[in-house]
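Both complexes below contain chain A, partnered by chain B and then by chain C.
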Partner chain A sequence: MVISLDLITSVISFLFTLLILSYLIGDNPLFRIAVYIFVGVSSGYVAAVAWWQVIMPRLIYPLVYGSVLERSFIAIPLLGALLILMKIFPRWAGLARIAMAFLVGAGAAVIIAGALIGTLIPQISATINAFDVNSASVRNISVVEVIFNGAFILAGTVFTLIYFHFGASPKADGSMRRLGLIETSAWVGRIFIGITLGTIFAGVFAAALTALIERISALINFFGNF
Partner chain B sequence: MPDIIICPSCGENNLPDQEFCQYCQTRLQPLTGPLKGADAPIKPGQVPTKKNTAELEPILPQWLRDARDLARKDDQQAAQENLQQPAQSQPASSAKDLLAGLQSQAGDVKESDLPDWLASITGVISKSTKSQTESSDFRWVELGDKNDFAKDESAELSSDEPQPDEKDEVRDWFRNLGSSEQTQQPEQPESIENSFSGSSASDTPDLLRTIGGQEETANSADSADYSETGLGEPPTGIISESLKSTESATSANELPDWLSSDATIPPSTAVEDEPTAMEDVPFDDIEDESEAAALQSPSYTIFEEKSLEPAQEEHPLGWLDTFQPVSAHQPETPIEQADFTPLDFTEDSQVSDNLDELFIDIPDGLSSASEVPRSSIPTADTDSEVIAPDDLPSWVEAMRPVDHGISQLSSQTLESGGALAGLAGVLPAAAGFAPMSKPNAYSIKSQASEEQQAQAALLEQMLTAETAPVPMASFSVLRTSRRLRWFLTFTIFIMIAIPLFLRTQMFSLPVGIPLAVNGALQVAQSIPEDAPVLVAFDYEPARVGEMEAAAAPMFDQMILLRHPHLTFISTNETGAILVERFISGPLAVHNYQSGIQYLNLGYLPGGQIGIRAFAQNPQITAPFDMSFSAAWDSAPLEGVNSLSQFAALIVVTDNADAARTWIEQTESARGGIPFVVISSAQAAPMIQPYYESQQISGLVSGLYGGALFEQYNAGRPGTARSYWDAFSLGMLLAMALVLGGGLWNFSLGLRDRAAAWEAQ
Partner chain C sequence: MRVLTAVIAIAAGVLIAGGYFFPALTDVQTLLLNWAIILAGFATLVGIFNLIAVHTGKIRRGEKGSVYSALLFIALVATLFFGMILRPDHSTMKIVMNGIIIPTEAALMGMLTISLLYAAIRLLRRRADMMGIIFLVTAALLMLGSATLPFGNIPLIGTLLSPWVTQILALGGARGILIGVALGTLTAGLRVLFGADRPYGGT
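Showing the complex of A and B:
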């Protein structure tokens, strides 16, 4: 009797699906077993990936088989890695600050530059260009629709930003309240924020529902194969 | 610092050669060294060596020097009187009277304001010269032991001093006792007091000493013992002689019965038992009887007056010296020659019984002493028999007046240094902390003005408001109902499982195509044939069902139409394995081979930095594929050296941040290549602005996007379609539950408001 790999994986996936679904009755050992196995398998797999896809091809192999130039290039990250390893020893933990400082500095520069170039400026430009009637022909929409879309996007952006303006001035009765215009705009902005969060919630629910459908479908297919 | 002496009084530093403190004049160098050699204590029978201590005269206190001067004058006067009136002093000594020694003390006593009864106890007002033992006196003074004790003891005894009436009573019988002492000289055996003469006599009641000390030799031995101990106690014989006279002279009414019957005890019994009995009798018991008080008062008075007299304390042996010559020069007179009626010591059974009762608590030392045979009892005339101070029984030591005084002073503060060293109770225990005067009385009535009181009240109100608990608005917590949870679970499971199990297609696929999906479709259809396409797989395994359903239609169409060479890379550790699953799963029908049609570069470490590095130089950043082969020499990447050389960039992710990172970090490196994002439904709202800003070419999100794409792909691979009915039912059910829950909550709110309005 030949046991196919698909059958084994189907049985395992079926069992683990039941173990996870047992959380419906609350936290129980079956659910914990499944979680612990997932965590252990994931950790082992990540360690294997780090060794075989990072350390070996990017550090050891260039050091052993690389040219002098490659070895010299590898020496710098190797030194950084050794410095970070010094965190193991409290006395030498300070040496890790050198590599950590380099990583944090480089990471901050990359993130800020990427956010500025890839998000802030393009998004601001897009908001401004929402009223570009010339894009109507490109996007095959009418000018009115372009203006309406642009106005809606602009209003949503402005009102949402106003909602996060918390500056207030004291009133005669001693209470602290924002200006009337800002308060009204914030109220409108709150509607946009609510719609956005509702959309996100709907997306989350749709994603979870799809995952549940996939699992139930797998269970049905598992029984259907027999 | 060994070269500096710290003053024990003021704590200042002094040079080592200084004898007195230069600040407080406290003596720094002790006058006495270790008690060895010349400074060793004088033993009984040893004649003290006279020392020339005149050089120490200046350091004596003024009162002591005055006393010494006065004593010298008295001695000189006494010597002159002795020369002028030899006949008057002769009777006291010629009668072998031990009280003759009191004659020499009479002068001192008189000058020291001793009571009349004591001053005239011998009937002769004569003064005898006292031997000068200044050396020992100086030592005592400087040590601060003897005089200090004497002062304290005198102060303490002064409080216990008998009342004048009692003195008068004692004076009568004691005067009679003095007058009759010459007629009572019964021959007594050697007193047992000689064995513990000095120390025991110090506290031994007078009656005990009266019975025991009869012989002159014993008196002399007692004197020697007193000099040994240095107590300065009067010889026992003095009081014993007096008491013996009292026994014969006083009537039975004046003496207690037990005391009067004592006289009838045979000498042997009385001598051996009486001292012990009397020493065990507490004074309290004796004081209960008026006769006992009368008997005790003279002895106490003697000690008291003696302690109060500085000159006499300076010479503890002085009175012995004046005593001994008299007794020494007197030939031992037979008792029969004495003009007195001897005591008739007859055995009294009642007295014996009383004594037996008194001997219940006989100390061991005394009981053993009483059992010593008479032959072993040392005689007083043997000066060689010396009792060392260390050999004294403990109970004798305890009876010493020194111990008695110290025990009383134990509760007081004992000065350990300075001029008051050795003194107790001189300074208050807490000097400087005791109230020096009565504290001032202050009015407790508030003198604040009305404005101040109003402000204080306002402050108090504010503080009270701050500390008062503020009730917090309680909100009704929505608790998960087990029944509701199981109902929802059962409903959703049924609503999902039935369409999946029946493979129904009740719900049509979405009609129309959004622009974002259309952009992705255009990209899939517009890429060149066999063009290299870079695909980033960045989603979690938990989203595999949704992501595969969303991505499979586009890749299926793309493979079918353009046969692109796919290059997969992932910034997620599990992305590489998900790629293999995707190729072997939804795209299995295309039979794509690794290294030929597709290449899996695996895991790209570094996050955003790694993406940035890969965008700038992909060959260096990801040189190998998952099989550890050179990736950029393989067929899928043939002719590709940079990111912009790919025909398209497709990011499959369930995380908006991952999509944003790829968008941001490849902004400048990807050039004008198409960029399509296939995302989860939960990340689509956050990625949608990038499509609106035309940073990405298309967006396929979730099952909805996959279903749309399947419509333009001839329904392939059909995954979205198979899920669509269940998805649609699930979404309808969710909307119904959300809407129904909202309406239910709204109705509850209206009901509560109506109830509150009615309550108001």
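Showing the complex of A and C:
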């Protein structure tokens, strides 16, 4: 008798869903078993992916099959990799700092570019474009509506940013207070932050509810197939 | 060693960041990013080795919950063994992905529904101030607005209020938060590039 891979997948999927949903009756050993196995399996899978999809094509293959120039270029990350592996041995762990410094520097450069090109410039441009009256006819709304909406978006952006300004000066009684104007603007900013977090909460809740419905539906379908 | 690590971090950071703004540095940037990806792959392996070391230590000492550590160890080693031999895209490895990883993640995500609901009720009981009320009223309004009801959308809430809150008010707040996060990220990155922060252990 040949058991299909789909059947094995369905049975394992059913079991793990049931074990995880057992948390509804409280923390219990079945839930913990599922979570620990999940962490183990995920880590093993990530290690296999890192080996086959990163280390093999980018380091091992060029080292074995590459030209002399490619091999000489790959010698540096190979040395870095050996230094990182030194972290496994406490006595030599300090050597890994050299490779970690390179990784931190590269990471810092990537996040600087990401923050600047990926967030700051597009978000500021979008805030300015919210006042683009030419878009009114394209979006089939009035110019007044464009300016009204743009003003609310701008106010939300500015007041929210002001809320995170924590610079304060000492008062006569020794207490530290923000300037009155900043304090008032920050109060308005709190309203916008509350609305934004409420919106994010509703979105996450809807996504979680969808996942729960999908899992319950999978459990019912599993029984339906037999 | 401290000077060497700082020089490496700053040089790598400046060359890679430069590649985003000066086309002449693009080739150097690509080469350095490739090296960084390789090193990140090895750092992942070291991290997983550390996970194995922590849990085998627990098993050896017979600590409370060492049975769970044993399960984790067996699951990790078995998946790693088959993953290395068969490769991650093999049909057997797909059982691991479709049978364990995806269903468990989806079920855990589903469990979040209960946690979020519980947290919202606790918030109302413990912190019924302006911020808490605005937060919960917004969430409730949006959920009502997006709910599929037998008679369609709820008038005013589903058609006018909900889109205006998400597309105008929440957009403004989210944009402020995003710009704030980006400014913070930019500062943190620049501090590393200037050598003011040395999280690689070169204080």
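Everything that follows uses one rule, which is that the second predicted complex is superposed on the first by the 192 of 226 C-alpha atoms of A that agree within 3 Å, B and C clash if a C-alpha of one lies under 4 Å from a C-alpha of the other, contacts with A are read in each partner's own complex, and residues count from 1 in each chain.
To be clear about the criterion, a contact is a pair of C-beta atoms (placed from the backbone, for glycine too) under 8 Å apart; a residue touches a chain by one contact, two chains touch by 3 or more.
As the structure is a computational prediction, the values presented were derived from the model and not from experiment.
Within the superposed three-chain arrangement, the count of touched residues of chain A is higher for C, of the candidates chain B and chain C.
Within the superposed three-chain model, A:45 lies in touch with chain B and with chain C [touch as defined at top]. By the touch criterion defined above, A:179 reaches neither chain B nor chain C. By the touch criterion defined above, A:217 lies against chain B but remains apart from chain C after alignment on the C-alpha atoms of chain A. In the superposition on chain A, A:115 makes contact with both chain B and chain C.
Of the two partner chains placed around the shared chain by superposition, chain B is the only one that A:125 touches, whereas chain C remains out of contact.
With both structures placed on the common chain, the touch criterion links A:54 to chain B and to chain C. When the two complexes are superposed on chain A, the residues of chain A that touch both chain B and chain C are 24, 42, 45-46, 49-50, 52-54, 58, 103, 106-107, 110-111, 114-115, 117, 119, 123, 126, 153, 196, 199-200, 202-207, 209, 211-216.
The residues of chain A lying in touch with chain B in their complex are 24, 42, 45-46, 49-50, 52-54, 56-58, 61, 103, 106-107, 110-111, 114-115, 117-119, 122-123, 125-126, 139, 153, 196, 199-200, 202-207, 209-217, 220.
Of all the residues in chain C, the ones that touch chain A in their complex are 1, 4-6, 8-17, 20, 31-46, 48-49, 51, 65, 68-69, 71-81, 83-84, 87-88, 91-104, 106-114, 116-117, 120, 130-132, 134-139, 142-143, 146, 165-183, 185-186, 188-190, 192-193, 198-202. The touching residues of chain B, when paired with chain A in their complex, are 485-486, 489, 492-493, 496-497, 500-501, 515, 542-546, 549, 573-574, 576-577, 602-603, 605, 607-609, 612, 623-624, 626, 628, 654, 660-661, 663-665, 667-668, 680-686, 689-690, 692-695, 701-704, 722-723, 726-727, 730-731, 734. Contacts from chain A toward chain C in the complex involve residues 5, 8-13, 16-17, 20-21, 23-24, 32-55, 58-59, 73, 76-77, 80-81, 84-85, 87-88, 94, 97-117, 119-120, 123-124, 126-127, 149, 152-161, 163-164, 189-209, 211-216, 218.
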